[in-house]
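Quick notes on the structure that follows.
Just so it is clear, A, B, C and D label the chains in written order, and each chain counts residues from 1 on its own.
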Amino acid sequence: MRVKEKHVNALVIIGLIALPLFALISDEPFTITLATRAVILALAAVGLNIILGMGGLVSFGHALFFGIGGYTMGILAYHAQTYTTLDLGLFATGGTEFMPVIWVVAMVVSAVLAYLIGLLVLRTSGVYFIMITLAFAQMFYYFAISWAQYGGEDGLSIYVRNDFPGLNTLVPIQFFCICFVILCLVLFLKARLQNSPFGLALNAMRQTATRVETVGLNPMKLKLLAFVISGAITGLAGALFADLNRFVSPTMFSWQLSGELIVLIIIGGVGRLMGPVIGACIFVALEHFLSGLTEFWHIYLGLILLGIVLFARGGVIGLLTGKEGAHV
Amino acid sequence: MRKFLFATVAAALCATTAASEVKIGMITTLSGGGAGLGIDVRDGFMLAIAQSGRDDIEVVIEDDQRKPDVAVQLSDKMVQSERVDIMTGIIWSNLAMAVVPSVVGQGVFYLSPNAGPSQLAGQGCHENYFNVAWQNDNLHEAAGAYANSVGYENSFIMAPNYPAGQDALTGYKRLYTGALSGEVFTQLGQTDYAAEIAQIRASGADSVFFFLPGGMGISFLKQYADSGVDIPVIGPAFSFDQGILQAVGDAALGVVNTSQWNKDIDNPTNAAFVETFQAEYGRLPSLYASQGFDTANLLISALEVADPSDGDAFRDALRAAEFDSTRGDFSFGPNHHPIQTIYAREVIKEGDVYTNKIIGVALENHADAYAAACKM
Amino acid sequence: MSSILVIEQILNGLQFGVMLFLMAAGLTLIFGVMGLINLAHGSLYMIGAFAAAAVAGATGSFFLALVAALVAAAVAGAIVEMVVIRRLYNAAHLDQVLATFALILIFSEGTRWVFGSFPLFLDIPNALSGPVTLPGGIQYPLYRLTLIAIGLAVALGLWLLIERTRIGIQIRAGENDREMIGALGVDISKLYTLVFALGAALAGLAGALVGAIQSVQVGMGEPVLILAFVVIVIGGIGSIRGAFIGALLVGLTDTLGGVFLPEIFKLFMDSGAAQKSGSALASMSIYLLMGMVLIWRPTGLFGARA
Amino acid sequence: MSDPILATRNLKKSFGALIATDDVSIDLKAGEIHAIIGPNGAGKSTLINQICGGLRPDSGSVALLGCDISDYSTGARARAGLGRTFQISELAMEDSVLENAVLGAIGAGAGPWKFWKSALKTQGLTDRAEAALARVGLSDQRDMKVANLSHGQRRQLEVAVSLTLSPKAFIMDEPMAGLGAEGSKTMTGFLDGLRSEAPILLVEHDMDAVFALADRISVLVYGKIIATGRADEIRASKVVREAYLGDAA
């Protein structure tokens, strides 16, 4: 039976609301935590999907922005909790535990970094782009490991979640709601972006950069902006992820994480609005159930992924709707 | 009456799962690199539980894959969904730092079978946190003390550039009174030590202290043995543990290392432990297995006296540490970290198997350096 | 710092470089001929090391261990090519990344399943153990010198294979124009399997050789894999010559950076801080090198101009 | 006679020993169709690429409306008023016909830095795009995917996209390629009317179309212009016959 993509999308959103509510009623708070994890990973992958799905550039280093978001949150909260000042050279501040401020800072820092890195890495394409993005993420990974001031390899614990006005963020369902609303908001913005003149141009750029140039547009600028937006969203996800765990560590920069973000997108379906969301839900579920079954669950995860690449091009959405859809 | 009713309902609910009264959550590393350590802790722990003959203890075991974020989520699961009374199992300091503070903050007891970061021993100590292994610095301090006792005066010291590595060098220097001919931080996960060995050769040192856990230590020892440099090496037990010694081979022979446990410590508990572990799992127990075993026995001894639901009584029972440790004498300091004797061991070959033999005491009844900062 | 130490460190960098070359040569060959990004190349390195350790343990012969490593990695490579990789040649890079990422998971946990979680033992053969004295009084391990020699010999052999043999002609034709080899009457799928097995065998050889002085354990392949990628990106993907130059550059940068950066930092900060920040920078140095090369030449030193 | 709309001066480009463009100076005047013909490998594509910015000449210059655009990027040249069509269609194959035309309208209009309103619901963009589609006769196909268009329809869409730019000069690389007799005729008729809007630099192999359309013809052989003139002059030229038409004539 073939179903329409928008029905699949609606089903996912409904499922993402229903599952935590069910968990709340049946008093299974850990299920809510799992759902929150899926939502945050989905958000990070939605960010990656802007440059990867729409722009056709496979960034194998998006963990960089995830980590930057995480560390932004960690450092701000750390200074706020220890009442120490954060000296930024130009000015000093006391850190903050106020979530909206943390989010904005995480996005701005990620965006600025994405701009600077993008200026360099977007000169390359194809495999070179894959590898140079990986290299940048590795640089930050090693830097974070030896950055003793913020815990180095041990990472940085912040013990309590940051504040959001009117909510108790330590209650799983309330924190889930925050993340879920942000995800929906970003998905909505992404949907607008996809159809906007910018989205249309970026989409065309992936297919034929020459054509985009000959109508007078600058592909480099398109890619750069896409990279910046992409980095900012993934950075935001990183800040939320760190808040979920009340902890940041260099593993947020690791290449495995960059790989996992790509995996999420491919599982769901490249270049689709809800692809990363479906991918994240499936991935988190697999992780949870497989690891309960056997110590060697990575083998089965590997086999499932392999099956998806070989036999389900277009991801799960493609499988359900019978369309391969946009492929990079 | 109401209380009784509640109890029957609870019993009825529990009957569908298991008839257990105490639930223990174990988060440890069972897959990927470093799984050997977690498996040893788990096996040692479960051996003690089995030997106790108590069927009212349920142990929930989860694999953290050595990823801090996974560990945090598993701890949420343990506390929120499984509602465990006691947690244990974490191998790595960075995972412990991510998990322990929030777990003990939620009223759950945590018994550490391996990691002992300084933060949790000093300012960050907690009444519900007990360390059954060592404070991280202990074995390094013992190595420094041993170096003094054999008259080393010019050490070359080396560790990976990450907090535990930096602590290791600090720990060594705390008791070591000689000079340093070199102090090097290597890359975490580094596999080739040719450059460092060349520096050692050129340094004119009379001894080399290193802390390189896991595969890093194997690589270093093999390369060091092959380099022809014959300056004596000392290190903490981690690179000479039963699990990896076989992979190092001859290169480790004769190396002195410091440990709070060895299979030849002469007491009945230890002898029985070594024998039953070998019978059960078909391999010699490691340091980690002994720590898992001790952790479980401490726990069982406290359960004999008090129920975890009565927090204060249970805590006192733990603090008393009325159990037979494989290490012999064992007691807790004011910050719930061990006060214990640390030995110097030497790597030997018994038949085909590489193992350790105690050659002396490095530090007697040693406590850690952070206890004073702990306000409990 | 004495000149003896400097020369010794250069030798170390060289040795590291040629071993990286063994890994990178296979990767770049596979990419050049088949256009495939193989993240699972590190697993083949691991398979070589485990096969060598297992055979050395059973027979005691290092030579047999090396043969076993070559055969095991080549066979594993050929099987993987025929079962999985073959379906990916026309797929997007993205699919290749995911599929070979999945292969890493399968290989790593599969190896752990077979061999257990503890590292395996593999030692240097007696004939090659211990140091020798080089001219100028430098004490240097014989085994490492042997590694340098083997690496250079393999590089030479590869060069001869590609420049002077029929298969080499086919490989070069395949790099330039994939339709062309079909037109030459070559069985493409056989050629692809062969090239993949060759690349795998080189990785397996590197794993066995390096395994003797390092730790043979699950997950040993991934750090090397990432370095090998850095190498081929610096050298230009598809270029054997580039891989060779890139491997030496990376080997030397990594080794010398780790030794000399802290020394340089000591000139303007106190010793402890210099150690920490120097080695922090050293761990990032090869990625900095790669970044700079790519900014200067976006397709690497010897890469085809895009 | 007015100044030329587009002019190249002494364009030179060589690839190693091969001289692809040798001192080429051509111009395009208002209202004309200037055809460039020549055998395969004569350097026509290289020349177009230098005019449109895909290739840097070794020396020489390109001027549009008297303004030197030699240092402009491809995009900047398009914005300055060069409308190019490709020999092999350069279109976003996964997108619809309308989306491709709207892309042109985005380039011609306010640019891509708009993120909120849907491009296909922005009247300024769709009006412009649909007008261009209507002119080439693709209105009925506006919602089709480009991948599903016939070859001829893709050629038409190529032209339509360049129409949305309202360029000052058209550069067309073989617009008749693969069109068939009927299609060529339609396209010839269309281009005939287009020259009053903006002049066309036409590279074409279809000699019937060239002789029917071109006001002037330049003959490019081995990177050199060997003759320029009206159709009948070129037909009569001995140099051209020898160098190009050769035995066939």
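Just so we're on the same page, a contact is a pair of C-beta atoms (placed from the backbone, for glycine too) under 8 Å apart; a residue touches a chain by one contact, two chains touch by 3 or more.
Quantities reported herein were computed from a predicted structural model and do not represent experimental measurements.
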Between the pairs A-C and A-B, the one where more C-beta pairs touch: A-C
CA centroid of chain B to CA centroid of chain D, Å: 75
Intercentroid distance (Cα basis), chain D paired with chain C, Å: 50
Distance between the centres, which are taken as Cα means, of chain C and chain A, whole angstrom: 32
Distance from the mean Cα position of chain B to that of chain A, given in whole angstrom: 36
Per-residue multi-chain contacts in chain B, two or more chains: 31-32, 161, 166, 187
Interface hub residues of chain D, defined as touching at least two other chains: none
Residues within chain A bordering two or more other chains: 142, 145-146, 148, 296-298
Every chain pair meeting the contact rule: A-B, A-C, A-D, B-C
Residues of chain A that touch chain C when the two form their complex: 52, 58, 60, 120-121, 123-128, 130-132, 134-136, 138-139, 142-143, 145-148, 255, 259, 262-263, 266, 270, 296-299, 301-306, 308-310, 313, 327-328
Complex contacts: residues of chain C adjacent to chain B: 1-2, 4-5, 8-9, 12, 15-16, 108-109, 112, 117-121, 123-124, 129-131, 139, 141, 143-144, 210, 212-220, 223-224, 255, 258-259, 262, 271-272, 275-276, 279-280, 282-283
In the complex, chain C residues that touch chain A: 31, 37, 84, 87-88, 91-95, 97-99, 101-106, 108-110, 112-113, 226, 229-230, 233, 237, 276-277, 279-280, 283-284, 287-288, 290-291, 294-295, 298-300, 303, 306
Chain A to chain B touching residues, read off their complex: 28-31, 33-34, 37, 142, 145-146, 148, 151-155, 157, 159, 172, 241, 245-247, 249, 251-252, 291, 295-298
Sites on chain B touched by chain A in the complex: 30-32, 62-63, 67-69, 72-73, 76-77, 80-82, 93-94, 97-98, 101-102, 105, 117, 161-164, 166, 187-188
